[in-house]
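Read from first to last, the chains carry the letters A, B, C, D and E; within each, the first residue is number 1.
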Amino acid sequence: MFPGFFEWIWDGGHMLFMGALWYALSIIGMGLTFCLIKSAIETQQGKGSHHGDGHGHH
Amino acid sequence: MSAKEQKKAKRFGMVIDLDKCTGCGACMVACMAENNVPFKKDESNKLDSITWMRVFKLTNGKEYPDADVCYLPRPCQHCEGHDGHSPCVSVCPATATDYSRETGIVSQIYTRCFGCRYCMAACPYHARYFNWWDPVWPKGMEKMLSPDVSVRMRGIVEKCSFCFHRYQRAMDKAHLEGRRELAENEYQTACTQACPAGAITFGDLNNPGHAVYKLKQSPNAFRLLERLGTNTKVYYVSEREWVRRAGDNYLAHEKTGQVAAAH
Amino acid sequence: MSALEEKAKESSDNNGGFAILFFIIGLAASLIFGWVVFPKLLYSQKKQPFDFSHALHNGLVDNGCQSCHFFREDGSYAGVPKLAQCVDCHEDVQGETEDEAVFVNEYVKPGREVPWLVYSRQPDCVFFSHAAHVKSGGMDCKTCHGPIGESESLKPYEENRITGYSRDIWGKNIAGFKSHTWDRMKMDDCSECHVKNGVRQNSVQTEKGACFVCHK
Amino acid sequence: MKIDRRSFLSLGVGAGAGIALSPLPWKLTDDLSIWTQMWPWTPVPKDGEIRYVNSVSTLCRCGCGIKVRKVDDRAVKIEGQEGYPGSDGSACALCMSGIQRLYSPTAIRMPLKNTGTKDAPLWQSVTWDAAIREISEKLGKLRKEGKPQALACISGSDKGTVPALFRRFLQAYGSPNFMSMPSYEDAYEMTLKLMHGTDSAVGFDLENADYVISFGSGILEGWGSSVRMFKAKSAWKDKKVKTVQVDTRLSNSAAKADLWLAVKPGSESLLALGMAAVIISEKLYDKKFADQYTFAFDSWKDAEGKEHRGFKEFILENYSLSYVARATGIEESQIVKIAKEFAGASAPIALCGRGQGNTPGSVHEFMAVHALNALAGNINQKGGVWAMPKDDYIQWDEAATDGIAEKGLETPRIDGAGTEKYPLSKSLPHRLAAIINAAEKSPVEVLLVSGANPLYSLPDSRAVKKAFGRIPFIVSFASHMDETSEMADMILPCPSHLERYEDVPTPAGMIRKVTGLARPVVRPQYNRKNAGDSLILIAKALGGSIAGSFPWAAYEECLEKTFGDKWKTLKETGYITEDFSPPYWDAAFATPSKKFAFMSEVCAGAEKKGGTGAAKPEGEENTFPLLLIPFDSMRLACGPVAPTPFMMKTVSDHMLKGKYTVVEIHPETAQKYGLKEGKNAVLSTPKGEAEVKVHLSRRTAPGIVAMPRGLGHSGPDEYISGKGSNFNELIAAVEDPVSGLDAAWGIRAKLVKA
Amino acid sequence: MDSALIPEGVKRCSFGKFMVFISIVSAVLLWGVYAMLLCWLKGLNQTNMNDYYGFALWIWADLAVIALGGGAFFSGFLKYLVGKDELKNIINYAVLIGFICYSSALLILAIDIGQPLRGWFIFWHANVHSMLTEVAFCLSCYFGVLCIEYIPLVLENRQLNKVPFFHNFAHNLHEIMAVFAATGAFLSFFHQGSLGGVAGVLFGRPFAYREGVFVWPWTFFLFTWSAAAFGPCFTLSLTKLLEKISGKKLVKDNVIELLAKISGWMIFTYTIAKIADTYYWAVVTAPGKGQTLMEFYTGNAFYGIWILVLEVIIGGLIPGLILITNKGRKNKYLLTTAIILACIGVSVNRWVMVLQVMAVPVMPFDTWALYYPSWQEVATTILPVAYGVLLIGISYRYMPIFPQERELNPID
C-alpha cells in the first residue's frame, strides 16, 4: 500500500494504480478538511445560527 | 549472484503416465500424510473435501463392454501462464499466492490469505481448496502432524505446493554441504515417491538431465486445458486418444493435440 | 471528531478553555495508556525454568555457539540443546549456583527435557534455514540473535498475550522501531536484508524474494 | 465554570485522538490478525529431530516394507522401504496411513471386560492379572468338564508365529478347532494339492511373464501382494507384455489391461476351458510336458483294463467353441485369438482368484485356469506358476498333550474341515455360524479371536453375529475396537503394528521366501501385550502340559529362539530372504503317478457335461431378478483392519455418499426399475437388505448390481463406521462341493426405489 | 412524540405506526445479524458454498446492490458534471440508496471472507494486479464519498441543523459537492468496471473470460455502463415504491421522466453493446477455447438459454425500448414495468457473471456444480435489505430527502 512495503514495486502498474488512489483520497481528504475548517471559522464568526439566543459569537 | 541464479532457473514439474495410473489412491494418501491435510468425519461430499492431489475418473462414454475408464491424478498444475501470471496468482488481492521464477512453483501463504476465494474461482482445475471447517484431529492423532508443513487454519485457501518443504529440507542439507544445486532424486514430491505404479515422474522440466525433460516430449504428452493458456507444469501421457482428448476442450472438428494457446 | 471538538470550542465563552483542557487531559491520558500501560498489559512476563549463563558456557567450549547449537547431518538446525547434550557435564551438581542444582535435580535426574522459552522462536508459518544463512551466507549469529552469547543470565521471556509469540519478534520497542539488526525479527527485517543482498529476486508478484523462500 | 456534557465530549475526543496516536489500535489490529494464524485450537506440530525407522506393516495382507519418518518420538509419515522384497519402495494406501491407526482414539488401552450383554456391551477396565486369571479359570473349567474341543480359535492367518502359537495352544489344550480366515490362497493350495500332489503355496514369476491373463483377479485391486502387482503391471506396460483381464465388470484391472473380456458373470472357468479346448484342438499345447509329465492327458486304460477318458477328450467333447462363446458371451474368434496368443507366448501366465481374493472360490475354476498354465508348459518355469514350499522357519517341538487334550483332539472339527465330507480342507470358518445357530447349545463355548474380524469379514455376517451371540465366552486379541471385539466378553489388547515385534511370513504369490520383521517404531503408548505374550501368560496360568508347551518367558524370546542364528540378521536388516529355484518337472509332482494331474480323482463325477465350474448364486430368479456382485478397491480395506480416515477420504462418491453405499447399475437396469442417478434404493438379497444409492454406469452389464466391499463398518470410530453397508451382510457362502470352501461370487438380488 | 425531529411542512405517519414498522424490520435485521454472527464465529461452513462454488449468493448480492446503487454516482455525475439541474430533486434519494447499497456491499464482503480479522490485508498487502484490490480500494473510497454526500442530509435534520457548526458544515459540503461528486464518479467508473473485470479476467474460465483493451476485459466497460444505465432505474423504482407506501407524490414527473429517458438510452445502448459482446464471445472467444455457446447452457438442471434471453432481451432490450420512447415513459404502467424489468435484467447479469461462472465445468470430465444457499446465507443477504428499509424509513421521516415533497403535498 505504501512504498517500502514488501508488496510494493516501483513499476507503472503500481504507480498508476496507487497514484490514482492516493490522488482520489487526497481530494476527498482535502475537500473534507477544507469544509471542516471553513465551517469552524464561520461558526466562530457567528454565522449559521438561526436562533439569536446569544450563543456562538464573541 | 542473482543474474547467474536466474540463468539456472528451474521449472519443477511432473509427467504423469495415465496408462500406468491405476487410480489406487496411494498418491492421495501420501499427500495427505505428508502435508497435514485435515480430514472430516464425512468426506463423501467431494465439493468440500480437501485433497491437494485428487484422482479424477474419466470415462469414454461408450456402451458396455466398450466402456473404458482412466484415472487422472490432479495436483496443482503450477501454471506459469504468461510469465508467471497464472490464473490464480494474478487475482489474489493480498499477494498471498505467488509464482517463483526460481522454481516455477506457485506458492500459497496461509497466514497471508484472508479467504476471499477469488483464486478458486480463477482456477479451472479446482486445485484450490478452502478450509470451510476448523481442522480437527481426533484426540491423540495430532501427534502425526509434520512440523515441515504448517497446519492451516479455518477460513483460508490451500493447495498442493509440490511438497516445497522437501525442497527446503533438501536445500538445507545442500547448504550444509556447501552446494547450491540439488540432484534429481534429492527433491521428489510425496506423491511421486508413493506411486506404486511409477506413473508419476517429477523433476526440472528445464533440465535435459532430468527424466521429465524427455518424457514431456512424447507425442502422447499433453497438458490439461492447454489452450486456455494456463501453461501448466504437469504433463500427462496416454496412448489412448480419447484420454488425450479429454484433457482439453475440443470443438467437434478439431484434431486432438492440434490446438494450443500460443506463448 | 474535530466536528465535536469544534462544537465544544464554540459552546460558550466561559467554558471554551475548559473544553480544551479536557481535550488535553484526554489526549495525555490515552497517550500514556497507549504507549506505556498497553505494552505492559499486552505482554506477559515468564521466567525461564532456571537461569543460564551463556558467557560462562561460551568460555568452556571450543567451537563457539555451534558447540551446543549445531547442525544435524540432514542440514537441519538443532536449536536449543536437548538434555542429552548437557548431561555429559551435568550428571551431578558440580557448580555452586542454585540454578545448576535446579537443572540437575529437576531435569537431569528425572530425565525431563527443559521447557526453555525460546526468545527467537518464529511463527509456525516461517521456514528458516540456518544452514543457508550461516553456511552459505556466512552470517554470524549476532546479526539476528544479538550478543546473547555474552549474556550472563536469561532475561524474562515476554509473550504476547494475543498471538502467543515472543516479544523479540516484534521487538522491544512497542512502536516497532529498531536500532540494531537483532532488535526485531519480523518479515520486513528478513526482506530488508534479502533485498539489500539481492537474494534471488524471483517473485512474479513483488520482484523480490518469492514467498516460498521463507514460508512453509 | 461547570463540567458539562461538552467537557466530557472534549475528554472523549482527546482520548480518541490520543489512542489513535498511540500504538494500541494498530498493534491490536495486527496482533488480532496474527492470532488468527495461531488460534489456540489449531494444533502446531512440534519440531524435532527427524529420523527414519524401517519396519514391516502388517495391516495389509501382503505386508508392505515401510520406512517411518519420526520427529523425536512421534511417527509422522509412513513411506515405502526401498529394497524390501515385493513392495520395494512403495506401500499400499492402508499401510501408508498406518499412523492413523497408531494414534487412533479407538485404540484399546488396557484389558477390558464386558460387564453388560453382548448386544449392549459395558466395558470395564481390568488388570492384566485379573483378565488372565478369569480366562484361565474359564478354560480350566472347560477342560475339567472334559470338553476341551469346545474351545475354538479364529486367526486372521495360519502363517507366522502368532497364529502358530494359537494353534499350539489349542493343541496343548486339546481342541482341533483352530480356524484361519479364508482366502483364495486356500483354493490355490488345494489346486496344487490336487494337480501337483504337493503341499505348497502358489508362486507367480510375474516379472518374467510375457503374456498375462487374469480370470477376475484384481491385479490392480489388491490381489496378491498388492504393491508387487502394481509394479509388475507397470513393468508389463514398459515391456509391452500383453495383459488380458477376464471380468464381469470393468474393474480397474480390466481398464488398464490391454484387453478386457467382459464375460457373463460366473463363466470365467468356462472361458478357461474353452481356451484349453482351442489350444488342444489346434495342438498348441506344450507337447513335451503333456506327453511326459502329465497323467491322463490322453485316454488311458487302468490295470483292470477299464477305459478312462483323458483330459483332452473330455475338454474337446464338452467345451466346444460355440458352447463356450454362448455361455461366456465372448465371441468365438476372440476366444480363438486369445487362446492362440496365450499358447504362442513364451512365458504366458494365467491367474485366478476373484478381486482381492477374500473369497476362496471354486476349486474347479482354479483347476481350469491352472490347466491353461500346464498346457502352456509354464509350470515351475521362468515367467510361470510355481509350487512354492511353505515357510518352515517355525520348527518347534510338538506341543505336549495330556490325556484330556488327546481325547479332545480326537473329536471331529466343528467346522467340518478334514472330516469325511471335506477331507482336503484345513479350516472352514464360514461354516461355523450355521452350525452354531443350528445347534441347541453352541458347540463352541470359548472362542479366541486374533488378527481377524470375522464378524465383519465372514459372509452372511448377520448369521455370524447371531452365532457369536450364542458363544458363552469370547476373547478378542485386538489393538482396536472392531465389530468382533464389541461382541467379546474379554479384550486382551495388543500393541499396534508400530509398537510391537512380529514376524511377517512370505506374502502370497512370491517366488522366494521372505520373512519380514515388524518392530516397535515408537515407544508403546499403552498397557498392552502382544497376543503371543497374552497366550503365554494364559498357558502358564493353566499349568500342566499346556504350560510346558510354552517354554518361553515372553513372545520376544519365542521369536528370537524361533529364528535362532537368523534372528540377528532379521533384526538388523528387517527381513531375510531365501531364493528358491523350482524343481524340474520330473521331480516336481507328488501325485500317485508323480505326474501333473489335469483331472483329479477327487473331482471325478463332480464335473458334469459342460459344467461351468462355478458356484450357482443363491436366490430365486423370480424374486431376485438381478445379480449382485462385489468389487474391490485399493482405497478400501476388506481385511481384519478397517480403512483409515485418509483412505475414507479417497473413496469416490460413486462408492460412498454420506451414509450410503453407492452401487453401480447399468442405465438400462435403472430404467427398468425406475431408478435414477444418485437416488436411494433398497437392495435386498436372500440374506438381507440395505439402503443404497445408485450410480448409473456402463462399467457393468445390464442386470448386474456391483457393490463395493470394505464399507459398512460399525463401532466407535466415527471416521469409519456408519458409512455404507457391509457387503458380507448381503451375501451367503456357497460351499464348493470338493473343498467346502466358500465359492460364492455373487448372489441374486432385487433393487427397489426407496 | 418525535414531531420536533420531523422536517417542517411535511406530514408523517404517527410515531406508534412508525415504531411498529421499525420493530418488524428490526426483527428481520436481527435474524440477519444472528446469521452473520454464526458465520463469523463458526466460519463459512454455515453456508452452502463449496470448493466449486467459492463465490455464491453473497457475491451476487454484492455485485447486484452495487450495480443497483449505481444510481447515486450516475445521478451525481449527471447533476454536477453534466449539469442536469432538475435531478437535484431526486439526487438526495439516489445518494441515500447508494449509501445503503455500498455500506451493505462492504458488510457483505466482511462476512464473505474466511478471515474477517485479516480483511485489511487487502489494503495493506495490496496486489494491484488483482481486480478485487481495485474493487476494494475504489469501493471503500467511494463509500467515503457517499458518506460525505449523505452527511449533509443528516445534518439538515431540523434539530441537528440548529447547531451552527453542523449547519455551516452541511452548507459548505453542499458548496463543493461537485468536487466530491466528480471524484465519486471517477472512483465509481473504475470500481464498477473492476467488478466486471473480476469475472472477465478469469482466463481459466471460458464462460467468464472476455478480451478487452489493455488490462481491462470488455466486461469492465459493460459493468460500468450497465451500472450507470440500470442504477437510476433502481432509484426510480424505489421512488415509486416509497410514493406508493407513503401515498404521496414525492418527485415531479418531469424529473422522473428525465432520469428515465437518460437511463433508457443508456440501457438501450448498453444492450446493443452487450449483444455485440455476447456475439463475439459466442463466435470467437469461447470457440477459441474449445467451447460452444450451447455447452454453457445445456447439460444441467437450471442454466438454460432462457437465462440469456431473460438477461439481454427481457431485462435489457425491452425496458430500454420502453424508456427511450416518450409514450413508454408517460405511461405509468409501462414505465413501472420497464424499471422493474431493468432491475431484474441487471441482477440476472450479475448472477450469471458470478454463479453461472462457478457452475459451468471447464475440464471436459468435470460436471456442472449446482448450488442452493443455506438459510444463513439467505438471512445475511436479507440483512442489508432490512437495514436499507430501516435507513430509508428513518431518513425519509426525519430528513428533507425530497425537496419537492412540500410543494407537491401541501399541508393545509
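Just so it is clear, a contact is a pair of C-beta atoms (placed from the backbone, for glycine too) under 8 Å apart; a residue touches a chain by one contact, two chains touch by 3 or more.
As the structure is a prediction and not an experimental result, all values here were calculated from the model.
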Which chains sit in contact with both members of the pair chain C and chain E? A, B, D
Enumerate, in label order, the chains that touch chain A and chain B alike. C, E
Measuring between Cα centroids, which chain is at the maximum distance from chain D? A
Contact-pair count is greater, between B-D and A-C, for B-D
Which chain has its C-alpha centre closest to the mean of all protein C-alpha atoms shown? B
When the C-alpha atoms of chain D and chain E are each averaged to a single point, how far apart are the two points in Å? 62
Between chain B and chain E, centroid-to-centroid distance (C-alpha), Å: 39
What is the distance, in whole Å, between the centres of chain B and chain C, each centre taken as the mean of its C-alpha atoms? 36
Whole-Å gap separating chain C and chain D, where each centre is the average of the chain's CA atoms: 55
Can you pull out the residues of chain E that are in contact with at least two other chains? 115, 118, 121, 124-127, 129, 164-165, 169
Per-residue overlap in chain D, given as positions that touch at least 2 other chains: 32, 34-37, 44-45, 47
Multi-chain contact sites of chain C, meaning residues that touch two or more partners: 2-3, 6-7, 10-11, 74, 76, 123-125, 205-206
Can you check the complex and tell me which residues of chain A touch chain C? 6-9, 11, 36, 39-40, 43-44, 55-56, 58
Which of the residues in chain B end up touching chain C in this complex? 1-2, 5-6, 9, 83-85, 89, 95, 97-103, 105, 107, 109-112, 148-151, 161, 164-165, 168-178, 180
Residue set of chain C touching chain B in the complex reads 71, 74-76, 123-125, 127, 129, 131-132, 135-136, 198-206, 210-213, 215-216
Tell me, which parts of chain C touch chain D in their complex? 1-2, 4-5, 7-8, 11, 14-15, 18-31, 33-35, 38-39, 42, 72, 74, 76, 78-79, 123-125, 160, 162-165, 174-176
Using the touch definition from the top, list the residues of chain E that touch chain D in their complex. 115, 117-118, 120-121
